[in-house]
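Chain naming follows the written order as A, B and C, and within any one chain the residues start at number 1.
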Amino acid sequence: MSESKTVTLNMGPHHPATHGVLRVVLELDGETIVNATPVIGYLHRGIEKICESRTYQQILPLTDRLDYSAASANNLGYCVAVEKLLGIEVPKRAQYLRVIMAEFARIMGHHLWLGTHALDIGAMTVIFYAFRDREMIMAMNEEIAGYRLTPSFIRIGGVAYEATDDFIAKVRKFVAWFPKALEGYHQLLTDNKIWTTRTMNIGKISAEEAINHGLTGPSLRGSGVAYDVRKAFPYSSYGDFDFKIPIGENGDVYDRYLVRMEEFKQSIAIIAQAIENLPSGPVMTDNPLVASPSQPEVQTDISALIRRFMVNAKGTPVPSGELYSAVEGAKGELGFYLVGDGSEQPYRLKIRSSCFYLASALPRLLVGHMVADAIAIIGSLDVVLGEIDR
Amino acid sequence: MTDLLIIPIIKMLVIFGVCLFFVAYTTWIERKALGHFQLRYGPMRVGYHGLLQPLADAVKNFFKEEVVPDNADRAVFLMAPVISISFAVMLLAVIPFGPAMTIFGKRIDLYLANPSIGILFILGLATIGSYGTILGGWSSGNKYGYMGGLRASAMIISYELSLAFAVLSIIMVTGSFSLVDMVAAQQHFWDWNIFREPVAFLVFMISGIAELNRTPFDMPEAESELCCGYNIEYSSMKFSLFFLAEYTHLFVFASLVTTLFLGGWHGPVLPGLVWFFVKTFAVIFVCIWIRATIPRLRYDKVMKLEWKFLLPVALANVIATGVVVALLG
Amino acid sequence: MEKSDIINVSKNRGEKGNYVKPILKGLQFTMGNFFKKPVTIQYPDQKTVRSQRWRGLHKLNVDEKGELKCVACGLCAAVCPSQAITILAREDEGGTRHPEKFEVNELRCIFCGFCQDACPKSAISLTKIYEYVNYNREDFVFDISILKTTGEKWNS
């Protein structure tokens, strides 16, 4: 029998701190990690393959199920990609509503991250405060779209429904309330010495290495790279809003934490601006290839009826061509690489999932740390397995 | 005959029963208080505000399947929870719950035994009881359990020291090892050891919470790191026993804090017994409050805290107390 | 990207090094919440109100005469992303189409609401019912008779 000095520890797929079904095979020397191998695929549903046999409209609800903690941001990414290929313009009001939904999705995703990250490190109360506020956003999702977690509200060419007055009132109320709640999170964690010793100088990654690993989003910004798709390649009217990109300096868990905490603030600022300056007008493009005619129109006009059949049953023919379009999801750059062949179904849809890159940086980040730090690092990267396995 | 046999047996049964009742309700208080700290209700379903929840839990655990893993060292695996619970319950024997009472013309002391080395008895048995944790983690044939057991042993070796030194300064102040004498020495509010020995109180609280494996020092059973650590493979009543032992330890710890620092059963107006339990549950509440607020320290930092901070402080406090006691007395 | 667009969040982090004060602040915060009314509700006894747009179980609407509005055009079946709807059409003597078979598999359904949006006759709509249980998976394949009266079973 050969003598082995290390212990292999299977962390996951059903470990309370691996956020879903991430499995990391750790090689331990005592409690220090000498080697780490992430194993993925436990949540594989073949979304990319399914997309090839669905019309462009039908793919939309599937994108909700990628990063399910921030569903609207995925909707937005997909719709922006298809619209670019179609070459259609979305009405301003719809763009603003999309921004509101996407920023709410970001806040929802960050709520889930904050709660579980703190819970992993042992502060068990934060998650309940975070979920109290997350519930408010869920209620708003329900108000405007009819569903809480996977609203499917953003559609190709615009958004599904007009915003109700109740929704706008709720958003205003939330914008006024949320900074106070954020102060509470800070009070529990930010200055707490136990929290800082658990997070400072843990899982450090330099800017250059982070770029080489393909990290995006808060994890990249924590290393000091000011890259945010919203600023770098503005889409959906993000250029209209005044917001700032938070960056860190050290690229450790604590900096990633601070970056996300600041993003809460910036997101709420964007939402406040969007709801105050919400333009009037339609919420759906009038392009006949995309827009499903309204119910009164259908009742009176035979051509509208035919159009509704064409759009819904046959789908929208998208010109052949390929493009890569990215948006800033809650976890990082969420890209859709779309190949159209002139038919109503995509020839290929490749999803660039930011979480996949985050998870693939795990071996680099974990080695040399202790098991307790592994939990903190996985939590700080905020991987969502729905997006990794697709 | 009555004095030697029957009264102790009755006392034993009463103390055992009453304390286990309180221990069971400690779990209820913990869940309820944690719930309210976290803006939720906690148990609400079984009985009024979940008051019968401990009972329901006991029944549930009783009917669960007993699983012994193939890898486990069967004999040790089965013994570990028994060690844990029996030594935890033994601790209750020396705790003075209240002043002596007169029932049917007989003077009854509200403790089972008053050995002249009461506090050493508690320190000793508490340490032996933690063998249950270590053996349970080691014998279950699970790496998480094994790591939990390892952490438990390291914690116990370390924190036992500062705990003992904190107690030592109280012993010096009181001049006795007996818990009853210690309570007797804190008759007046201003005599309470928390005012005489505030440093010892803090050290005792921190190392006590660490000994109890509670957040922020819950190393052996860190939920999110080791998925419950030493008791990962335990199910059914065996798990219940561990659970019960843990809460008995919490109860004993709280009553020790009451006895050593908060004047035991002394207090105005209310009878001594009531004061004792009020203080004890106040200490338990503080433990829950801390659990609801503070993140978990990392394992190596916990060790650092002990060896580089708590132990020197406790030692310095013992020396300072010694000097003061020598000068005054 | 311009400098003014960037905030450096980790500027003063070296200054944070106090054990006691932040912990006391945290303790004060949790204690403040201890006396607040919990935000959770006691679910089966109390329920939150569903919004008007809630997408719950399906329902087939009927007209004033009590006949199904559905003309079995099959648009909902075609637009359904998870292919949960099966329709068989039948024509009566007058040439009007009716659904012979209309089945919705509620376990396949992802409640996107596309069928409701697509229907030209407003014949299919989503109710507010979100809590449903059955003993068999087969019972979740709703046929016309169930869909006509969706909710009676679970609302009672």
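Annotations
Going forward, contacts are C-beta pairs under 8 Å (C-beta built on N, C-alpha and C of every residue); 3 or more make two chains touch, one makes a residue touch a chain.
Computed from a predicted model, the values in this text were never measured in an experiment.
Among the pairs B-C and A-C, the greater number of C-beta contacts is found at A-C. Every chain gets a centre from its CA atoms, and the centre nearest the mean of all protein CA atoms is that of A. Chain A and chain B have Cα centroids lying 45 Å from one another. Chain B and chain C have Cα centroids lying 49 Å from one another.
Note on chain placement: the centre of chain A and the centre of chain C lie 21 Å apart, centres being C-alpha means. Across the assembly, chain A contributes residues 125, 129, 132, 188-189, 192, 194 that each touch 2 or more other chains.
Multi-chain contact residues of chain C, defined as those touching 2 or more other chains: 23, 26, 29-30, 33, 39.
Residue numbers of chain B whose C-beta contacts span two or more other chains: 37-40, 292-294.
Of all the residues in chain B, the ones that touch chain C in their complex are 33, 35-41, 44, 289-290, 292-294. Chain B contributes residues 34, 37-40, 143-144, 147, 215-216, 218, 222-227, 291-301 to its touches with chain A in the complex.
Of all residues in chain A, only 7, 9, 15-17, 31, 118-125, 128-129, 132, 188-189, 192, 194-195, 197-198, 370-373, 375 touch chain B in the complex they form.
Those residues of chain C that touch chain B in the complex are listed here as 23, 26-27, 29-31, 33-36, 38-40, 42.
Put simply, chain A touches chain C in their complex at residues 54, 57-62, 125, 129, 132, 135, 139, 142-147, 150, 152, 160-161, 164, 184, 187-194, 196, 200, 226-228, 231-232, 244-250, 254-255, 258-259, 261-262, 292, 295, 298-299, 305, 308-309, 312-313.
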